[in-house]
Structure formats: C-alpha cells, structure tokens
C-alpha cells in the first residue's frame, strides 16, 4: 500500500485522522418526544413542549431509535452494552433549549467494533484496511439558528431539536484523505443497508467531525484539531488535506498546533478557527436524573439481530463466489443498498421467468444493469430509484435475449423504446416485428447475396485475411435488419466460405 | 351553622354529597378567607373564579343526580410549582414572572379531573429552594402562628411549601398540593401543625412540575388530617407514561384501608436521630410518640441508620448538581424574563437574564451544583455522593428487615422567626436533617402534628415507611393523630 | 479544597450568571463554608459501593415510534420574549 506522506521542508509527515460521525437515526418521532422528524417542515411546527424545554417537561425514550443504534452496532460487529445510561452534556447555546444535550458519555449503548475499507476500487480485495470503531452512542440533535434573516437578530428553529442521532466514533486509524473518504463512504453504505440512517448528507442526515493531527512517522500523536460538521465525502477529504498541510506549515514555522474546533468553508476550501466556541468548555457531564439506566433484554437483542439484512461485505463476497460476478462488478453493485436491492429484484425475476438459477442469469443481469441501465440513467440524469424501467421489466428484456428471441443489438433498440414509451419489451418486439429469425432459408439467401456483392473480400479472406469474417457477419446482420440469430449467421457464413 | 372553612376535606366531600351545603357556598367561604388574608402572603395568584367554576360544576352534577367525583365540591390550593394552563406559574421566581403555561401538570390535572377547584397558586421558596419561605421573589410567607406571650415576631411557615402550610393552617384552604425534595412538604407541615405526606418516589408524576432536583422531587398532599392526605393522594398518584421515573402501579385505596390498629407492626426508632443536643421538647414529643404507637398495638425496636450524618452533605451535592442543570433552561429565549443590556450578545444576555431572574439562594445552589460537576471535581463530589446515597438507602433496607416503619421527629426545632437563619445558609440547611434521608432513599414519609412547645408552637412527628408502603405510613400517622388529639389552631391576627 | 475569587468568577461564568466583583467576593466565604461542610463525605468508606442509579427499583420504559406531538407552534411560542415569523429571536450570534 502506498503511504500518504506530506513533504515538508523538514522531511516527511504522516497524517492521523479520526472521524466522529453524527448520523440521524431513521425514525418517525424524536428521541425523547412524540414530535415528527420529517425534513423541511415550517419552522417550529415539529416541536413538542418537551423539545422546547418548557418547565416541567420530561424525556421518554423512543424504542426504535435505540433499536436502530443496536442494529448498527451489530452490523459493525461491535459489543452491544445491555446496560447503558444517558448523560447530560451541559452548555448554553440558543439552539439547545434544555441548556444540556442528552447524550451518553460514561456508558454508551455500543462499544468497540470495526469497519473494513477497500482502497482500490477496481480490485476491492487488494487493499483492505480495518478501521476501529471506538463506540456508538445515542444523543439529541440541536435546533437550528438562522443568521441571515434579520440584521441584528438570529432566529431559532427547534424542528431538529431532539431528533435522534447516533454518534459513531472511530479510532484514530486513518492515515490519508483517501482512507477517510473510504471510511465515510463505507459507513454510509452500512447505515443505508441497516436502514438506521438515510445517509442524505446534503440534508444533514450525516455529518462528520474530522479530527486531524500530523506527526513525523514513528513519533507519538501530535495535537489534533476538530473540524466540525463536514457534510460530504469530498469535503472530508479536502479538510484532511488542508488541515494536515496547514498544521505542517505551522509546525515547520516553529509554531504549535492549537487544540481547537475549526469550521470548513467549502467555498474558500479552507478551515478556520471557531473563535466563538473557544471559551474553555466544561460540559459537566452527569447521568440524566430524569431517565433510568437503559437495560436491554435478550429478546430485544435477538430481534435486532434477526432483522439485520445481509451486509455489504457478505453480499459482495456472495456475488463473487456464488454468482460468479467480477470483483469490480460485485463491489459496484453492493456499494449502495438500493442498487443491490434493484439488482436482486432483477435477478430473482430473471431466474423465475427464464426458469434458471440466479447464478445462471447473474452475469448478464449485472452487465446490463451496470452498462445499459446506468448509461441510460446517466443520460437522463436520473437515479436508480427513479428509473423508468422496473427490475421486472428489465428481466423481461434480458429473458428475450437469453432465449434468442432478440439479439443484443435489437435489445438496445428495444430498451430505448422502453425508456421512451414505458411499454414492455415483449410488446415492443411483437409490435415492431423485431423478433430475430433463425429461418435458415432467409439467412442463407442474405449470406449468398453478401458474399456475391463482396467477391473481392471473399478472395482476401480465403487468402488468409480472417479478420474479414466479422465484416461478413455485420453485413449479413444489416441485411437482415438485425433480426437474424447471430449464431445461425455465423454458422451459415462459415459453411458458405468453407 | 358550621363554619365551612373549618371542615376537613372528608367533611366537605361528605357534607356536600349529603346536601348539607352547596359547593358554591364552600368555595365562596374559602375565597373570602383567601381575600382577607393578604397579610400572610400565602398566594401569588388568587383564582376565586376557578374555585367557583368547579363548585358550580359540582352543584350542577349533584342537582342532575350525576355520579359525583372523588373531590367534587372541594376547593384546594396549588403550590406555584405546578404548571397550570393559562394561569401564571412562577416557582416564586422573577425569572418566570408572567409565564402562563400552555399545558397542565399531570398532578394538577388529575385533581381537577377528580372534581377539585383551584383557589389560587400558593407561594413557596423560589424554585422550591429553602426551608423558611424567605426566598420567594414575591415576598415572605408569614406563618399564621405566633409565639405566646404577646411576641408578635413574624414566624416562618417552613419551606419550601410554606404558602401551602400557612394557607391550610389559617383555613384559607382545606388542603393543598406540596412538593418535597428534601423535606419541603413535611417540615412546613410540622411548623404549622398540619399533616403532609411525601409518597414513594415515582408515585406522583413529575410531568409539569417545575423541576428542582429530578431524582428527589416528589409531589404530595398537605391537609389538616391524615384521612384528607389519603383522599388527596389517591387523586394525585398514578402512572404517567410521560414521566420515565413514574411507577407503573395501580393506586391503592388508601382511604378505605385506613386503620390505626398497629398490632403486629414493628416501629423502628433510629438511634442516630437522637444526637447530643437534640431539643428537649422535640425529644419529649418523640418519646410520647413512641408511647402512642405502642398504645396502638405496635412493638418498638431500636434500629441504626449509620450513615444518617452524611445525608445532608450528600443532599447538598446531589440536589444542587441536578438543579444547576435543570435550571439551565431559564435563559430568556423561549419564555420568562429576558434581560438584554445594550449591545449584548447571546451569552451576555444569558448571564444578565439569569443574574436578574434568580434570587440569591437559587444562584448559590446553581453555583455549588456547577462546581461539584465541573471537570476534576465530579468524582470527588458527585460520584462520591451517589455512592454514599446508596449506603444511606442500604441503611434503610437493613433497618426495614427489623421493622415496618420508623418514627422520628420531623424537624429539629419549632418554627423560627423570619430573618433568624437567613444570614447563615448552613444553619438553614440543617432544618432538613430528619427529612432528607427518606428523600435520598425515595421512601414514603408523613409529618403529623404531635403537640405544642412551651411557646405554643406546633411540633411534628415523622413516620417513614418502606417503599410503596404508604398505607402503613398513613395508618401510623392516624394512630398518632387520634392519640395526640392535636386541636390547636393559630389565633387569627391577620 | 478551597475556592478563590477567580474560581467563583469561573463558576459564575460557567453558570451564565453575571456577578459584580463585590458579589463574587461575598460568595467566596459562603461557598467555601458549604463546600467545606459537604467535603466530610470524603471520609465515608465507599469501597465496592456502586453509585445509586435508580431511587426506587424501576426499569426504563421505551415508547413506540409514533408521532403523537408537535404542530403546536402557537403553544411553543406563546411565552417567548421575542418571536418573529414563527421563530424565536435572539441577539445575532456570530459563529
């Protein structure tokens, strides 16, 4: 594995990265209140009296939020703590109505686990690294401050206040921007598989606090900075790159890295110190006396385990080993839960209508999805979820190719018509008369004409220019308007030239 | 004709049902007493119209022959720590001056649903922090009691539920709600010659009660008799899914099961509650209490609660710690007072708002709480206190292996003059020495009047029971009540 | 442990309670007196004792994931010292 090093004036520097990812737990209601969590509502409409911290209001935890965090923990093979507690983190801010955030410091719900990341996209098994997870705990999100609505005032919207977050804390195991990016992508994939977070980074459902420090290789960890609320994989990588080189510059100029909170400005592509939050924080954590310890029983844990889907690593291996897909295709198809779900629906339907095993239809299905369908969606600017062609319709098209009804070339035409009209493949083939023919008489006639029209090329072929075989096939197919069975065409040409 | 304001809750309820008087007559009589007692400063807000409204509803129901509710016809006072929808709720602070909740606390709602009417919001120590009712932003509550011999010094009604205790003993209401964090129901009851019970932690929902210290706060009733306490508590208690610490248990029929026959019960007398220098009159009353319980058939055993002396310091770490966090929400953003000096930023606004909105005792406790939770001190103070608290609870568990209930004094002295202990916070804290241990252990405890001291001031006895055993606590209280025959009442001077 | 003026000011700042120098000075002996008194807890042997977590044995109930609340903006904003356009308003915060 090539190591990432920053070349400084005093030599090489190594960067050390840890990520604290805040992932919004998928749930209808908030962590401690019955208010809704939906994105984009009118200000302060999804706020209960509990979320607004009215006097005498009390928290009651949402089972689903706990369940999703436990399932996430299980997905990264982490230790699940059957006894955990909620603590209060005390600080004053306008987006924090209680004056404290209910979180888990001393006894988190989920303990140590790990995530494997692949660093070579083309060959996902080539460069694998394990990134340790320190813990996952559950906590409340804060509200939102708007600064641009009034010249002298900030406005407070508490719709997000109290929404459940999982804070997923990695160990400082990453050593390059690429590793940080791969880790965040992989984590997002896992969360989406598990269904515990929708992973919508542009809506703030997932955001990362990026801890970065630099050191000379082999030396102890340096002082780290924490860049808050970075909301895309690309930005995380940019933060690591910029923060690491900034720290190297500071150190090489004889300065010291200050342990501080920083903010990333994507427009300027730089990080800057958050001076307003710098006054010495003392969060005075203590167990929330409004809540009892959270004790989980075996039945609860068993349900969490049973409800876990096949996870990306396992799925990728199965695609390679049981379905015979290439490592690259397997990795691409499993990188996102929705893609894998679509693929598996395509596979299941294909196997059903072709009366074959999934393994037998897998390759053709994967190739069609990754080249034909993805190409079309790219052109249309649509996502897989928005695909105008359903997996069932795709499977029908593939079945027509597989049973020789149409050729691959015709299939491309049929697919275009499907995209435009929404008609099914069999209907298009039927209506447009695109069925490929194996009528040897017609094909023989076409072959004879092609060879007769190209007598010079037949000469050349016979003199040893075998590459011309393809030309004869192409001309014959063209004469047949693409509807001839290519195998039959091959056979008949070979016979005629013999 | 009977003076309606001299009736107990049970007598009002039964007399109203029997048709002896109308609910409106009762409400009007108490409203008149409230209006005539401004000198006591027991109420922050008077709501005579609410009392009449509930009374009229009761009268209509009775006229229509409808089934009457448990508290139909009974007006009560509501400690101003319970959020009442549309009626100012201040916790006796400037911070919440003008705050009109858009919701009703679970306990007050249960009482209104049971037919009770509200006479008004009762004064208290600010945010329930105090033992003399001298920390209210709305002024001291004056006890209706005075020392004998022409001493007209204004006395403390106890605290924090001092408005409740003063109002009941002065016949401004037949009963009231209180809350008890370290003795705030029991000590004021003792100071004013009435009864009050703090139920087991978790019996009454805390939802909608302005929080002081979450792991200690419990609502409970205050009234002149043990029976009245049982009646009120039945309506106040019960499972509330909105409070995670609420106990999911059926509410017992405490009133129906009242019995002062204590045969077969063992009464523990904790030796640590009789320190050197215990007030002689208190000690003598305690001895009388022991005899009364024996007379009721109980067996008396000596028990030990070895960590008793650490209860107060434990309490004064845990309660301020929780309070410092619970009171962080008072920041001038969403409700209550806001103090925004010229050019102030957000954090300046917080500091100014909280400096102006909190009184000195509240600030003191927030500061102590902040300190004991701060980095480097958390384990030494808070964790240590929670460990000692576990030991204190264990003391009770071990004592209850030998007995069914404990008998102790309620407070170390009778009521004192306002201002007497204000200069020394510690001296004030010591008032709760006998009440705090049961709070730390979450146990039910009642204060009942036992007699008067030489100056003519009431003294109380406390009965502490096992968790969830309010019945034995009430029964023993009744046994004392029957034998003490406490009939003294303050002479009206206001 | 005894606290000094500096510490009192720091605690006041952490508590977001503004204090004048005179107030802070008056608090020094007051708080020391109370803290000195609670420190007697240090003498209790707590070897093997777990800190209390629940006053009365009880287990934490979990609620179902159902929207049962919210849509009460008027109630939420009813007591606000300053509410505009459906928001709470505070002095401008510079981040």
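Every chain is named by a letter (A, B and C) in the order it is written, and numbering of its residues begins at 1.
Note that in this section a contact is a pair of C-beta atoms (placed from the backbone, for glycine too) under 8 Å apart; a residue touches a chain by one contact, two chains touch by 3 or more.
In this text the structure is predicted, and so the values were computed from the model without any measurement.
Chain C has the Cα centre that lies closest to the mean of all protein Cα atoms in view. Each chain's centre was taken as the mean of its CA atoms, and the one lying most distant from chain A is B.
Here the CA centre of chain A is 58 Å from the CA centre of chain B. Chain geometry summary: the mean Cα position of chain A and that of chain C are 41 Å apart.
One inter-chain figure worth recording: chain B and chain C are separated by 23 Å, centre to centre, where each centre is the mean of the chain's CA atoms.
Residue numbers of chain A whose C-beta contacts span two or more other chains: 49, 52, 60-61, 92, 94, 154, 156, 282, 284, 291-292. The residues of chain B that reach two or more other chains are 99, 101-103, 215, 241, 244-245, 324, 328, 331, 333-335, 346-347, 350, 370, 374, listed in rising order.
Within chain C, the positions touching two or more other chains are listed as 14, 16, 53-54, 58, 60-61, 63, 72, 75-76, 82, 88, 90-94. Looking at the complex, you find that chain A touches chain C at residues 27-29, 33-36, 42-52, 60-66, 85, 92, 94, 145-147, 149-158, 263, 274, 276-277, 282, 284, 287, 291-295. Touching chain B in their complex are the following residues of chain C: 1, 3, 7-8, 11-19, 27, 30-31, 33-35, 37-42, 44, 46, 49-56, 58, 60-61, 63, 72, 74-76, 78-82, 88, 90-94. Residue ranges of chain A in contact with chain B, taken from their complex: 49, 52-61, 88, 90, 92-94, 97-100, 154, 156, 282, 284-286, 289-292.
Within the complex, the chain B residues that touch chain A are 82-83, 89, 91, 96, 99, 101-103, 105, 206-211, 213-215, 241-245, 321-322, 324-325, 327-329, 331, 333-335, 346-347, 350, 370, 373-375, 378, 382. By the touch criterion stated above, chain C contacts chain A in their complex at residues 14, 16, 53-54, 58-73, 75-77, 82, 84-95.
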